[in-house]
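Structures for review follow.
After this come two complexes, each holding subunit A, first together with subunit B and then together with subunit C.
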Partner chain A sequence: MFPELFDTRSFREAIDRSADWVVTNWGATIEAAFSPLLRGLVLLEQGLLWLPWYVLIGAVCGISFLITRNVKLPLGVGILLFLIGAVGFWDDCVRTIALMLAATLVSLAIGIPFGIAMSLSLTVRTIMRPLLDIMQTMPSFVYLIPAVMLLGPGKVPALLATVIYAVAPVMRLTDLGIRQVDPDVVEAVTSFGAGDWQKLIHAQLPLALPTIMAGINQTMMMALSMVVIASMIGAGGLGYQVLQGIGRLEVSRGLLAGLSIVALAIVFDRIAQAYGRRMQTSLHMNDE
Partner chain B sequence: MRIGLALAATLGLWLTSGDVVHAADCGSADEISITELNWPSGAFFANLHQIVLSKGYGCNATLTPGDTASSTASMAARGKPDINPELWVDNVKDFWAKVTAEKKVYAAGHPVIEGGIEGFFIPKYVAEAHPDLKSITDLAKFKDLFPDPADPSKGVLYTCQPGWSCEVLIANMAKAFKLDSTFNLFSPGSSAALDATIVKAYQRKEPIVTYYWAPTPLLGKYPMVRLEMPPYVEGTCNNDKNCTSPKPSDFPPGKIVTAVSTAAKDKAPGPAKYLAAFTIKNQVVSQMLAWADDNKATPADTAKQFLKTHEEIWTKWVPADVAARVKAGL
Partner chain C sequence: MNNTAKPKIVCRDIFKIFGKTPAKALELAARGVSRADILSQTGNVVALRDISFEMAAGETFVIMGLSGSGKSTLIRHFNRLVEPTSGSITVDGEDIVAMGKARLREFRRRKVSMVFQNFGLLPHRTVLDNVAYGLLMQGRPKAEQRERAAYWISQVGLAGYEGHYPRQLSGGMKQRVGLARALAGEAEILLMDEAFSALDPLIRGEMQEQLASLQKELGKTVVFITHDPDEAMLLGDRIAILREGSIQQIGTPEQILLEPANDYIARFVKSVNRARFLTAGQVMISFPVLAEKGLTREAACAAMADSNVDHVFVTRDGALAGVLTKDALQESSKGTGGIHVTTSCKTSMPLEQVTPLIARSSLPVAVVDLEGRVVGGLTRAVTLRSIGELTARSSA
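For the complex of A and B:
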């Protein structure tokens, strides 16, 4: 038996009471503060759902063609998305895409500035690193249920949970990418009289872009891997189909929904990778 | 005469005690696994069984964590775990029909006397503030009391977990009671999220209307009022996903069984009798769960507390010497 060093029960009760206090006194205010975000998410989802399926598939294929100038990627992407629709999960797939895109955008908006700050300041890096470790390893349900108590179930806590989990790679890789830029290049730019800002925008960030793109790609993948957990707090989408399959012991439904999530992951991974490669080649063309 | 009487008494004692020893034995040294379900009442029942079987009958009774889906799938495939202490049969209809037909699993008894209670609930403070809101048919008039944050033009009715049979049932009820034009159905995705939603409303004294069920600690702890519903109608297609003409009807009486593998019954007849006799009132279960919640007690502690404070209930389920051994083991 481990010795009882202090009264853990009253310690836990104190934590519970303070959480209750926050929910009771601040819950309504916090929920109201997040309601524009909810409206934005609903709008994005409804907008994407309003588009006919062929327009959406066409748009994704078009984007991938513009990136690769090749028919192979658009063809593969189009077939995968078509298959998701064919097994009957189109609306859920669109809902999942909407949440994933929103989560990725928010993650980038937070992750890239913080990643830059981490690369420039050792203090920021020392503080952020353990924080990122916590965010990636803490089981999501630990903070999800308090989040539902604060914000109600649905898209907002789902988005927050996804961002908490998915923001780490883009932040870490932005930091890494900038620090890996050849010091000679930075020195040369400085000796030409560039200020800190110019140095960052014109030398460090462009040179770090391939690494940052890898981070963005991973962030997207991690956002997708959260869809089942997000559905457990009312986000809907493909994760909901997985949960239904589990609840009804319908192996087929769970499997097809799971494979649809994989298909979405492949689609977005390949597009992001192709975009990264394209940026890299255009970077080298500028060098010449 | 005296000698004859004494002889008869001794003989009688010997006969009955022999009988009792037989019924009080586990009957098998094999492991008997019990699903410790991941919700409060299921975990409470599982721990009760574990204590009674191991302390009272001397069985090698173990607990395996699980939920309805995983434990029923495993029961059907491998015959293990041996005991599911709280199976809501309607939630796994096809599975139940199949395994009972194959005689792999049987319904040993009914853990909750009244069966499960399902319905639409509003907090007591809402019922007091709005005395006109009594039944499901009144709900449409009150849509503005329960606005949906994602679509404020409609009300929101929180429904049940994905995959549970109540999901289809409620969707059809919404049509039957003509709530689909005034209310959005919203599934919080898991029972943890549904609980958190209700607790959130309670702490801020916000109105909420939600599907819920008993026995549950939540209903033992937060006073909620069940919206009245028309009587249950047999033979509607309300539980069918493709139902075209749903009828206004109450929830069917929730059938909860103690599901036990037939193999375990054959091996351990004594414990099988106990499982058949095991049954508790809904209210007592909810009270025990509310006690557990207030005292932050584990399911095992809750089971012990029940055995200590409700002897009048459980001693009827087992022979006297088993009861004595359980008491000694506490």
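For the complex of A and C:
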């Protein structure tokens, strides 16, 4: 038996009590603070659901054609999305896409500025690195408990949980990408009198873009992988179908919903990769 | 070069230490402790030691040294991409080390521009936008940026490539873009860090010529870094030779070639084609020059004896008439009978071009100044000795 060094019960009670205190005293304020996020998320979801299915599939195919100038990718993407609809999961698929896109956007809004700060300051990097490790490895249920306590089950805690898990890659790769920018180019820009901001906008960010794009891709994939957990706290979507499959012991439902998630992942991964490749070739500074 | 004018750039006692405890290393370096000892004692690297010199406006000042000599560190002091550990640098009388952030940016935008060995072009911008970058930083209107950038692109011979991206250009073309970018802002000072070193020899030659001809028109103050002695001799009004962070010698190309301060420099410039850089005026010896009018045998003999030479040049109305040799004097009894016609060359002619003249005739070649006055002469022996001198010196 491990010796009891101090009374953990009172320690844990203290934590729980302070959580309760925050919920009772600050719950309403916090919920109000997050309501714009909820409104945005609902608007995005409603908007995508309002579009007829063929318009949405057409738009995704069109984007992938613009990126690759090739019919192979749009064709594959179109077939996969069509199949998801064909097995009866179209609305869930759109809800999942909405949550994934929203989580990705929020992750970029947080991750890119922090990534830039990490690349410029050793102190920020030293603080952020272990934090990112914790965010990626800590089981999401642990922070879902207080999130649900504060905000109630629903889309916003699901979004927060997804963002906490998915923000790390874009932050890490923004940092890496900027630090890997050819120092000669940054020096040249400096020698012509560029300030820190101009250095960032004219040289560092554009040259780091392919690496940042790889981070965005990973962030999207990680956001997708969170949909099952997110649906446990009321996010709906394909994850909810998987949950129902478990609850009703319906193998077919779980399997089809799972495969749909995989198909969705393939669609967004291929589009993001194609875009990253295109950026890489248009940027690359190697001789010929 | 006008030595009485106020100097453009003045460096005083620059030390640059790379490491964590520069103060300690600085003290040792000032006492003259060697680079290796300072490294082993303090872990700091002495990049530059006690650098002081002045640069005149319009001068092309070459800093030559091997890799690790500190030359790239030194040139970055002139736009403060590198800060000195101690010492002062003034440009037009203004201390640039004391400049605040905003003033420094302004200084970099207006006063000084730089060309880099690895070009440092923005890969996602077109040639036009790259060349316009300095103008953008100066805050000029868009139309003016485009117009001036286009002008400088055509000046460096890249007209028609405005819309290309750097990756579509060869190394030489990329460096032309780098040069155009540096010239477009009309900064008075041009810093060139091994600008041509990454180019293949043929392109490098072209670029050197282009820079020399542009410089003739523009008269900028150029600081040029190179490890190539031929390039230094070709472009430099003065050359500073740097070794392990210290200046070994500063002088004109001729001084460096003819009077190297130490063995290191002699070895460094050994491979330089002397016949290309030395001129007739620098190696000629003086012969007596006599006017044809009133020339007598006795006067000629006396002049030869005085100067201990075997020839005199004879002029007619101030212009060269020919050469009178001792042998010819002894054969003929008349004073002016033995005048042989000989060729002449300008003082500025490189020895490379004088040698064919010398080879064709056994008589000395007269060296004349811009007004056509005879100022000296070159014999085969003198010419060959001066071409071979350095080789003999360094192998001795």
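Worth a mention:
Simple rule for what comes next: the second predicted complex is superposed on the first by the 283 of 288 C-alpha atoms of A that agree within 3 Å, B and C clash if a C-alpha of one lies under 4 Å from a C-alpha of the other, contacts with A are read in each partner's own complex, and residues count from 1 in each chain.
Note that a residue touches a chain if its C-beta (ideal position, glycine included) is under 8 Å from a C-beta of that chain, and two chains touch if they have at least 3 such contacts.
As the structure is a prediction and not an experimental result, all values here were calculated from the model.
Shared-chain residue A:258: touches no atom of subunit B or subunit C. Within the superposed three-chain model, A:184 lies in touch with subunit C and out of touch with subunit B [touch as defined at top].
After overlaying the two complexes on the shared chain, residue contacts for A:194 are found with subunit C alone; subunit B is out of touch.
Legend: residue contacts after superposition of the two complexes on their common chain; A:235 is shown touching subunit B, with no touch to subunit C. When both complexes are overlaid on chain A, the residue A:85 reaches neither subunit B nor subunit C. Of the two partner chains placed by superposition, A:210 touches none, neither subunit B nor subunit C. After overlaying the two complexes on the shared chain, residue contacts for A:28 are found with subunit B alone; subunit C is out of touch. Judged by the number of subunit A residues each one touches, B leads among subunit B and subunit C.
In the superposition on chain A, A:282 makes contact with subunit C only, not with subunit B.
Those residues of subunit C whose C-beta lies close enough to touch subunit A in the complex are 79, 81, 101, 105-109, 112-114, 116, 118-124, 133-134, 137-138, 166-167, 171, 181, 185, 191. For subunit A in complex with subunit B, the residues that touch the partner chain are 9, 12-13, 20, 23-24, 27-28, 31, 35, 38, 42, 141, 144-146, 148-150, 152-155, 231-236, 240, 243-250. Touching subunit A in their complex are the following residues of subunit B: 68-69, 72-73, 91-92, 94-95, 149-151, 158, 161-164, 167, 186-190, 192-194, 196-197, 199-200, 203-204, 206, 296.
Contacts from subunit A toward subunit C in the complex involve residues 182, 184-185, 187-195, 198, 202-203, 206-207, 282-288.
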